[in-house]
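Presented sequentially are two complexes of chain A, the first with chain B as partner and the second with chain C.
Showing the complex of A and B:
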């Protein structure tokens, strides 16, 4: 296979309101290669979770296209969609809510196996579940327990075991560690990386935690008010951010090094409501370097070198006035 | 905290079970034929021969209360069960699918809810003609919208849980999700409601029979025993009093079961 595993073009989701609409996601395009981690970062409400849900058709896009393994994913009929769903799974933010409180761990993890008829006997099913539990650092003694008997980190491991069950090629992880303690976050992130190496998984890793993203992602896509503002490899994006919003975002992340001098870019105002987005570049009202053109025309995502793309009319790492 | 719940469960559950058993085995337990009339012994208070006394036709009140329990409890339990069976599914469909399915089901149950329960029961029983079956149907229909509403709102809460999305992402179909994930997670409050509405249904049955719309004389039911007893409440209060006591005790027992279940079925403290 040569093309990307997942290819998203112009993905859009507008939620209708009584008057007007909320443009939650507005023409987002990106690719994810097999075995790669693409992080989607941005503030609350920037549309990153909605994007993640659309990738799995948990939310129907208003417009745009998604190709999985070269096949149009949005046009699939019911049966074909079910088959495809084996190959893409999801892990949610809240491990307390993403596991049915009434079920036992064995049945939770086996759900994708049952749905797709992947186990021939109860014994085979149990064996496979134990195998999955061991993969995520749990054990056979946990089989008959209910979710409430576990800690948050253990529950997230159960959710990951369930996602792994049908041997997917892509896992959408929607803030998978944000609800966990910092010490547990590292364990879960490392587990996800181990599993990626072992099975060649691709991740779409949705997060607002730049430290975690920097650690796990191969490439990073930054979203602001429903649009992609910058996308590039983790290294280039963190070292040479081209979009002023990315620069402000990166400067706001705490750096655990008291020696290092930090220049924090403080943006004026709040994020505008997605029900009433600014004209032109969505970021222009808060942008420290905005010009007249930014109010009038929407900047395209332009290549700024080596596949690193930024949606800014000026498209270069500026010195932002502090 | 466990002690009072345990006691309440034991007393309520034991009492309910006892009432059901007494009613079910009334042909073997009852001392006399509940339909046997004897004008020589009419309107007697409690005696050694007739523990609960006799009514205006000289029929043994104890036997009539026991046999009447068969009718009253059968209707009182059967009607809410039927209602739950239909109402829970309708509510889950409305709550899960939303859209026009929800609008249709919700508005029609609102329509039914706009009548007072008893009035609706009376209208239906009157329209169908008084009989055991029509009492069951009348009460089932009267309680139906309550089950729809309860299961709909519980479903709407569960539907938004991420584990439902996880199940969709796993490839499970809608019908299967409703059966495997929604139903088990809303069952707790519904079981509680069921036992509470059994108590309501016993009262409704009594009211319908009292109005002459339930089981027909000479077959006894608690409601029509009160109705018969009303004509001579001063001279012979015993039939009405014992039938009334039977209703009170049953309603109390099923309410206790409901309250106890409410606490027991909490997913994290109970089960």
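Showing the complex of A and C:
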């Protein structure tokens, strides 16, 4: 048994303001095993995208450590960083913005191959691109086309083909299906799962859509205002969520079933600004079960059984009224 | 008589690349105090349909080429501009997806709501302001006096959408058209807004037309649903009926491709292929290239919308 593919400890990103700072990510720790999908979920401004970007050093962390395959990733020099990045790729939410409109599909998909010098000849490059296109359900006839000639779902397939090009071991996917229609979304989710099985890829899957996460993730990490509030296997997190925020999030997700009139935990108020976070537990002003201690001290992420961890002073599964 | 009766509505776009039949023969009705959901994927014509109800389609290139939209017995399609202006924002109100673009950044929220009130009710400034604060309170904004004096950028997304809903309701419209009202919002805020819409429908008896791509939101809020595909109405049913026993293969495919929160299937069901481009629609049923049940007739003739029992209408040659 080897260690995790990716190990993140105390990852922190503070953006300075004229007065004070935005604590976008505040001491986040988790591991991702090879071939595993870890979902990062949470609402706008919870820091999930910033976390995803830091994993690839697209944004430099303020503090914390990242180990990729046991090697300190943050300490790498330029050349070593470039070599490592071959093994980690990213897919973004908006396939309209992430593909250069002036390039042809062949050049878009081959870009990582060119950057890392992975093809010896033009013929080999073309052959590899065709192979990649077929993997994502496209074909050689698409080589010479431009992104505008494709639908949103097809563009996302192109973005995935590009990410696969250097044979990465980890793909960070930031809301990869959120901009897609539901029937197309299902196609792309299935594709990502097929590719994972085939190549043993690990995914960090960033999403606000809990139903998609339930389907694709092995483990789920819930973030709120820059902190990890709960992390566990998909099964336990969805069936026995421990943190009141996770419970509210799950109960608020609209379910396409009119027969099921659920009792919602409707949280009062909005997510506070990350520039002005509450004391103690960040969630306490909206928490239905908050006590005095929640205003004063930050709850640690504690094991609540079987590796499932929750950051709540009252570490037990609160019954969700169903 | 229904509050809103839409019959054989056709909205075509006259473009350089030919005529696009964005809405092609849509019919439905909404009773007072009831809600109708219009669901479908990008480009299916749901927003065009919604905009047509208040004659807000971009003309040109769009034009209502046939059909009628009867609101309280009056046909919106042939209505004079003056009459339309009296109706819009007064008896029919609309809220959009992005609350930031429906609010003017240089006026306070209260001023904007009061302006709408004064326009339609000829109230005094102070009476209109009082009404503005009142509706902000109605939509559940804490401290409405302060929020009325705030500018849109000073509010969060959820607060802005509440303010926009408040503005829409300020003149007590009989019909509220909501185009993806919660799509830009986080799920906990979405839950608040859906709760609010449900409460207001009950308290004020407002008819609601809700346009969304989110089947979860549909299941949560509306009484009846129409499903659109490529400009066509493919199915119309009471909400429970639609989810329990969809009759059109497209509706069924759509419902099955939504991942479930409860059950984890090994693979998600999909609908193969994509929506055909607007200027190259297939012959016959527009869904036939993606339909696993298509037969010869589906490639040749367009299926009419017919009663298939249990209060459901479907446009399919071989309903499920």
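Quick note on the criterion: the second predicted complex is superposed on the first by the 313 of 322 C-alpha atoms of A that agree within 3 Å, B and C clash if a C-alpha of one lies under 4 Å from a C-alpha of the other, contacts with A are read in each partner's own complex, and residues count from 1 in each chain.
Here is the rule we use: a residue touches a chain if its C-beta (ideal position, glycine included) is under 8 Å from a C-beta of that chain, and two chains touch if they have at least 3 such contacts.
If you're wondering where the values come from, they're calculated on a predicted model, not measured in any experiment.
Student: Clash or fit: what happens to chain B and chain C when chain A is overlaid?
Tutor: Once both complexes are aligned on chain A, chain B and chain C fit side by side.
Student: In the overlay, answer first, second, both or neither for which of chain B and chain C A:248 touches.
Tutor: second
Student: Of chain B and chain C, which one touches more residues of chain A?
Tutor: Counted on chain A, the partner with more touching residues turns out to be C.
Student: A:184 in the overlay: touching chain B, chain C, both, or neither? Say first, second, both or neither.
Tutor: second
Student: Using the superposition on chain A described above, determine whether A:300 touches chain B (first), chain C (second), both, or neither.
Tutor: neither
Student: Contacts for A:271 in the overlay, against chain B (first) and chain C (second): which applies, first, second, both or neither?
Tutor: So A:271 only meets chain C here.
Student: Roughly what angle, nearest 10 degrees, sits at the C-alpha centre of chain A between those of chain B and chain C?
Tutor: Taking chain A as the apex, chain B and chain C sit 80 degrees apart.
Student: After lining up the shared chain so the two structures overlap, which partner does A:259 touch, if you call chain B first and chain C second: first, second, both or neither?
Tutor: Only chain C is touched by A:259; chain B is not.
Student: Would you give the minimum C-alpha distance from chain B to chain C, in Å, for the three-chain superposition?
Tutor: Between chain B and chain C, the shortest C-alpha distance works out to 9 Å.
Student: Find the residues of chain A that appear in the contact set with chain B and again in the contact set with chain C.
Tutor: On chain A, the chain B and chain C contacts do not overlap at all.
Student: Applying the document's contact rule, which stretches of chain A touch chain C when the two form their complex?
Tutor: Against chain C, chain A makes touches at 43-44, 151-154, 181-187, 189-190, 193, 208, 210-212, 214-215, 234, 238, 248-259, 264, 266-267, 270-271.
Student: Please give the residue numbers of chain C that touch chain A in the complex, ascending.
Tutor: Touch list, chain C to chain A: 41-42, 156-159, 186-192, 194-195, 213-220, 239-240, 243-244, 253-255, 257-261, 264-265, 267-272, 274-275.
Student: Would you tell me which residues of chain A are touching chain B in their complex?
Tutor: On the chain A side, the touching residues are 53, 56, 58, 82-83, 85-86, 88-90, 92-94, 97-103, 111-112, 115-116, 148, 159, 162, 166.
Student: Which residues of chain B touch chain A in their complex?
Tutor: Residues of chain B touching chain A: 161-163, 165-173, 176, 181, 184-185, 267-268.
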